[in-house]
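In the two complexes that follow, chain A is the common piece, with chain B as its partner first and chain C second.
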Partner chain A sequence: MEKKKYQSMVEKHTPKENTLFNCLISFFIGGFMGFLGQLLVDLYSYYLNIPTKEASTFMIITLVFIGCLFTALGFFDKWVNFAKCGLIIPITGFAHAMMSAALEYRKEGLVTGLGANMFKLAGSVIIFGVVSAYVFGLLRILIIGG
Partner chain B sequence: MTFNFNNVFLNETSTITGPYEAKGPLSKYFDKSYHDLYFGEKTWELAEIKLMTESIDLLLSKIGLLKNDIDIHISGDLLNQIVSTNYTASKIGIPLIGIFAACSTSTLSMLLASLLIDSNQVKNAVVSTSSHNSSAEKQFRQPVEYGGPKPKSATFTTTGGVSAYLSNKEDKIKITSATLGTVVDYDIKDAFNMGAVMAPAAANTIYEHLCNTKTKVDDYDLILTGDLGRYGKDILKEFMKTEYGIEIKNLSDSACMIFDLDKQEVYAGGSGPACLPLVAYGYIRELMQKGKYKKVLLVATGALMSQTIVNEKQSIPAISHAVCWEANL
Partner chain C sequence: MIYLNSILFCGIICVIGQIILDNTKLTPGHITTIFVVLGAFLDSFNIYDKFVLWAGGGALVPITSFGHLLIHGAMDTVNNFGVMGLFMGMFDLTSSGIVAAIIFSFILSFIFKPQD
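Let's turn to the complex of A and B:
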């Protein structure tokens, strides 16, 4: 059998992913995460009497901590699997990727294991985050002058 | 390439599993199941080594032999440099042939052992293999605790240590023939669709076996494939029909039997070298001993995949080896 013919046979038998349903779940959970973040910012700035910019940093630290803690407690992978990009795109996804890799490689030593592998998944987020920030920053300067 | 054997018997088997398999429909056919994936060890790799070691210890105690009585040990697993096999063998201390055939290890090891026994080079052999869900996840996919979604065609690696004792001493199950497969590559690059990668290999080996032994599909009570999963099984059926004009009605796939696909979250089914033997050594063997099945063809399939070369956008080759069991009641 020709490879092309086989590939079309495979395609016929490969199940379709429920894209619309997945998008809706991600949209609503992602939206809820945004709401939660904003709520935290408001609460921090109100009760701690700090500017919004500082409260945002507090909010990020809180969400990263929760993402890491829930990953370490062992049930966050099931949440992420269900919510998909609703939990992966927010900062919780970054925390989850970092923490799961750290947990996995801790037993291979602090330096050779944890240190070397902690950013195995999250590393690309940082690299391409920096690169895209640079590109968009440059575009902004070129288009609206800063 | 098909070999015929006159004097090889399957005398005893042992199966040890993890928690997911114990919750599956075949749980009562396993010798022992653990409810924790670490098995009292510190790492996933050590847990897998323990699984395999314990299955061999259990096998030896079942047949009442000491390790010095065993002529040869043929074994393989999924981990890099087949570490589970090597570390187990260093504890067991039987002369070893370590093989890598991915998830088709069980049938290849039976084939090799049968060749050696039938040619009177050895009088008995222990064949073993293992897979561990978490050590496989770590090596081939993502960290175990990472919950990124997977497509429906992905499979769930079974956790199990399995061993079998083969010898020239007559018993209820006779190994009559075996077919050594060739590597096929149909240009599938999706590591989350192993059923599609391996189905042509299974088809190729089944067809070779039927031709070389001059048998038909209906001569077998059951053709049991390894770990194609629910979609790979359909692909195999269609492939056999369009390519060779053979319709297989008596086909079962271990991946669909070891777990309850509707209740357990295992995507397309089980996978791993332990998948087929967990089903065959316990469940199928018992049915054969009771006389329900007389002739069964075991067709384990292996995706010869390395994470590095898949990342380099290369396609995944696959292989399949078949072994025929006949009831000798």
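Let's turn to the complex of A and C:
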């Protein structure tokens, strides 16, 4: 009985998220990130005279740098709180996760702090990406032969 | 036109993530992981390549492109070396993003202090 009461009280006081507003915000911020990506690809391939494939690699490096720098300067956290998935799903979210782990554990030492914990938040992306790519690659070899 | 496509594609991916985040108890870490696996799944049958052709940079910005590039690099070496190629080429295309993230966060963590 007590537990049920507590549950209902918790539910009453949990702040209600405005889903529609959140979706609109993340659509526009995410769309802006996509726009920025395409713009950077075009700028790089136009001014440096390189193929689109290399230009897109440059674009990813630039976005990772932007994410790392703004996280280190301290205001990317507020942006993520506001835009949520609009900034988490793009590659800047990956950079943000790495950078905040690195900043937080830097004071615990170089090897045991920074080195051991840098992938604390972003590691799951790499681990599950590699494992799933391996499994899907095996399936693809079995089904259509490479 | 490709700018409009990239806005649409990246925005829709972010909205899907936002809907999952709002309606379930999953954390942002879960959601990025789900999207990486989704990207790898979509590319294992060459569906994501069509998105990249359609939306250009907009399809390369979301984290789904990370899974796409992982399996893409692996499949390139599989064509030359068979099953062993799965182990050899997986990081060929993604290394830029991972190395950039490691180097920048390593250097910047020496310069800046964490802020509360």
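What we mean here is this: the second predicted complex is superposed on the first by the 126 of 146 C-alpha atoms of A that agree within 3 Å, B and C clash if a C-alpha of one lies under 4 Å from a C-alpha of the other, contacts with A are read in each partner's own complex, and residues count from 1 in each chain.
To be clear about the criterion, contacts are C-beta pairs under 8 Å (C-beta built on N, C-alpha and C of every residue); 3 or more make two chains touch, one makes a residue touch a chain.
Since this is a predicted model, take the numbers as computed values, not measurements.
**Q** Do chain B and chain C fit side by side on chain A in the superposed arrangement, or is it a clash?
**A** Because the two structures are overlaid on the shared chain, the partners are seen to fit without clashing.
**Q** Please indicate which partner A:Val41 is in contact with in the superposed arrangement: first for chain B, second for chain C, both, or neither.
**A** second
**Q** Could you say whether A:Met118 touches chain B, chain C, both of them, or neither, answering first, second, both or neither?
**A** second
**Q** Which one hits more chain A residues, chain B or chain C?
**A** C
**Q** Should A:Asn81 be classified as contacting the first partner (chain B), the second (chain C), both, or neither?
**A** First partner only.
**Q** Which partner does A:Met99 contact after superposing on A: first (chain B), second (chain C), both, neither?
**A** both
**Q** Have a look at where A:Val10 lands relative to chain B and chain C in the superposition and call it first, second, both or neither.
**A** Touch status of A:Val10: first partner only.
**Q** Rounded to the nearest Å, state the minimum C-alpha distance from chain B to chain C in the superposed three-chain model.
**A** The answer for the closest chain B-chain C C-alpha pair is 5 Å.
**Q** Both chain B and chain C contact which residues of chain A?
**A** 17, 22, 72, 74, 84, 88, 97, 99-101, 103-104, 107, 121
**Q** In the complex, go through chain C and note every residue touching chain A.
**A** 2-3, 6-15, 17-19, 21-23, 28-29, 31-33, 35-37, 40-41, 43-45, 55-63, 65-67, 70-71, 74-75, 78-79, 82-83, 86, 90, 93, 96-98, 100-102, 104-106, 108-115
**Q** Considering only the defined contacts, which chain B positions touch chain A in the complex?
**A** Residues of chain B touching chain A: 42-43, 138, 142-149, 151-153, 186-188, 193, 196, 200, 231, 234-235, 238-239, 242-243.
**Q** Can you list the residues on chain A that touch chain B in the complex?
**A** 1, 3, 6-7, 9-10, 13-15, 17, 22, 71-72, 74, 76-81, 84, 88, 96-97, 99-101, 103-105, 107, 120-121
**Q** Which positions of chain A touch chain C when the two form their complex?
**A** Interface residues on chain A, with respect to chain C: 17, 19, 22-23, 26-42, 56-57, 59-61, 63-65, 68-69, 72-74, 84-86, 88-91, 93-95, 97-104, 106-107, 114, 118, 121-122, 124-126, 128-130, 132-134, 136-141, 146.
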